[in-house]
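Dumping the structure here so I can ask a few things about it.
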Amino acid sequence: MSDPIAIAAADGLPSTLDLDRLALASQQLIEAGQALDAAGQVPATGGNFSCRLSDRLMAVTASGCHKGRLTSGDILVSDFAVRLQGTSRKASDEARLHGQLYEDLPHAQAILHTHSRAATVLSLCHEGDTLSLEGFELNKALEGVKSHETAVRLAVFDNTQDIDALALDVRARLAADDNLYGYLIRGHGLYTWASSMTACRRHIEALDFLMGCELELRRQR
Amino acid sequence: MSDPIAIAAADGLPSTLDLDRLALASQQLIEAGQALDAAGQVPATGGNFSCRLSDRLMAVTASGCHKGRLTSGDILVSDFAVRLQGTSRKASDEARLHGQLYEDLPHAQAILHTHSRAATVLSLCHEGDTLSLEGFELNKALEGVKSHETAVRLAVFDNTQDIDALALDVRARLAADDNLYGYLIRGHGLYTWASSMTACRRHIEALDFLMGCELELRRQR
Amino acid sequence: MSDPIAIAAADGLPSTLDLDRLALASQQLIEAGQALDAAGQVPATGGNFSCRLSDRLMAVTASGCHKGRLTSGDILVSDFAVRLQGTSRKASDEARLHGQLYEDLPHAQAILHTHSRAATVLSLCHEGDTLSLEGFELNKALEGVKSHETAVRLAVFDNTQDIDALALDVRARLAADDNLYGYLIRGHGLYTWASSMTACRRHIEALDFLMGCELELRRQR
Amino acid sequence: MSDPIAIAAADGLPSTLDLDRLALASQQLIEAGQALDAAGQVPATGGNFSCRLSDRLMAVTASGCHKGRLTSGDILVSDFAVRLQGTSRKASDEARLHGQLYEDLPHAQAILHTHSRAATVLSLCHEGDTLSLEGFELNKALEGVKSHETAVRLAVFDNTQDIDALALDVRARLAADDNLYGYLIRGHGLYTWASSMTACRRHIEALDFLMGCELELRRQR
């Protein structure tokens, strides 16, 4: 195991970077991208992913790369305010949304943002600021859900290019509602988080399945 | 070939475990999981599978593992009342549904339970306690069906977390109707059984295809 | 190259079997099965395929095997009346439909019968005895079609288990209409033929795409 | 690196062929075909692709080959008027549409034409001569688009077998509208171009996703 190295965080406070943890995070992000690309959930260069590295740092995907073909060079280290550490590359435009979630949700260890067809279409069809998925056994794939009778709720936001403003809106929703499993941005995609990358991939797989079922149910009605 | 070993069943009666049969069952369960995952029928950690090992024992998948990435360590030996043999791991919550089927259906050698989109949606759309698939040539893929004019019927139950109660409901339906090819649980998935794992995989492949056709036909009408 | 061997055809007339041609046909049938299984067009043990071997013999798939996992042992030699040569295995129940087509269509060298969802559903939704696919550029993938303005027509028959009767109905339709590219059996699937296996696989790929487009167009209207 | 070789273009003007550039173009066209075939966008022998080689020459796929199984022998060198260089093979019937785009769009380095189900169906359902994709985050995958509020517009033409006439119609539309990202031909498919093959594959992946979303949105309404 490597020793963590001390690095100067962008706000002047000392931080440390555990290189073994970064290597593991990189591997997890690369594998998540391959699986989500195979599932059609990150078309073109859509989507971005991250892992928490510490209480101040995260590993996050670089801007503009195809998520199905990530290499370790596409994984950047950043503090939660997205002041990057030791790279000339640019993080995803939406990296601040990851940082805000790590700041507000201490249990979140991994965050996946995908652009599936179901998320894109359902977020545009659905009125109101919350989507509630109800009556599905697969709800139990989400951390903490013990029965299909427990609704799985996602916040829904209008799309914007003002990421800082959206991060504040997400913060306000999470403060008012501590039982959300993720959020949709209309015509854009899904953000979800969990206590490990394994759990987060299970969440994404379950939520995309559930949204696909919801769309099909609405067609049948 | 290994000798069968005597084991103490949980109800105090002696039983024997044929290790070669267990090894074969494990392999069949692992391969079924890979195929059903590739077909999108076991999202997240959904689904569970089993093989009969004797008139008292079954091999059944452990709780909480992804069915597309099973290893032999995820296959547990249990009696039909789900009192596990020699393991600290937990069987699927629904293992008793498998045990009940092996008790009631002596010809059943394998049981597959899947969570496909078609099964989830169709079970929620369909009113009544029986789904009848009619007029499809592929009905003939089910054991004993010789003509497309023979309806393939599935029982339909409301979902519940009370598995013991559901097992009793299934038992009552099977006693009243000896011509069912499986059952749906609403918003949850499909159970089907057959006289071998090969036949059971053929049943799942056919039933999922047929339910998909049925959903599309309902959209077209 | 092997010498052809003389064999006694079931009607007592001498025939010859070119072993090189049989080996090539076997390989083509195995590969077609793998491709069509990957495309979801031969679920369970659905579908059957053949190649013409001579003016009296064909290679045809055996009954009950999965078409995605064919081996050379699953390929049988039969005359067109389905009196098998040198095997205890049973040809597909529908082998006579292949034999009839080879008798009536001298240019047919390969026949593929598939059970896709599009073929199953569209054949059940469509009224009338002919399906006409019109206005698609991909019509030009069919042998002899030079413009999207040329309709591609398929005969449509009700399903039956009386294969001999169906073969006579097909014979009558082909005699009355020399411009059919295949036929659908309701709730069952598609038969198509071409002057080579390569062309026949192109026909299947195009026809399944076109039927999928047709279904989607009907949903949109 | 090889020296470029001088060749006589069909109009009598000298031209040069950079063999390294041709080798790279061939590799890119082969890989694009494999990816688009896996995505179901080039059924049968549908589609055709090209790369610009110089201000007078392009590499373009031959007529009648399956785009998922291209070899370097299927890549032809042609001037933009489709007078082929050093081959007895025939270019795609639609090669002139590629040449016209390279003549009119100096920044275009690669052109992909696909036959996806979404392009085929949406072009037939959509009335009017322009399809506008609006409100999708993935619009930003197109070169130059910075916000989901920017509409991505495609011209829509009726299908024809008169390729020279269609090329003139495309030329007129591009002259009148310098902000098109591609065009649809009704019942046929999509043409798009970009400043590199990488960008062009991203455009195709994004546009097919967006057209699929648009179709699903129209079903839900």
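Read from first to last, the chains carry the letters A, B, C and D; within each, the first residue is number 1.
Here is the rule we use: a contact is a pair of C-beta atoms (placed from the backbone, for glycine too) under 8 Å apart; a residue touches a chain by one contact, two chains touch by 3 or more.
In this text, all values refer to a predicted model and were calculated from it rather than measured experimentally.
The most distant chain from chain A is C, comparing centres defined as mean Cα coordinates. Between chain A and chain B, two chains of identical sequence, the interface residue sets overlap only in part, with shared numbers making up under half of the total.
Chain B and chain D have CA centres that are 48 Å apart. Separating the centre of chain C from that of chain D, both taken as means of CA atoms, is a distance of 34 Å. Within chain A, residues 219 each touch two or more of the remaining chains.
If touching chains are joined by edges, the resulting network of the protein chains shown is one closed cycle, each chain touching exactly two neighbours. On the side of chain C, the complex with chain B involves touching residues 43-46, 66, 115, 117, 120-121, 124-125, 159, 161, 185-189, 215, 218-219. Contact residues on chain D toward chain A in their complex (touch as defined above): 135-138, 141, 146-149, 202-203, 205-206, 208-209, 212-213, 216-217, 219-220.
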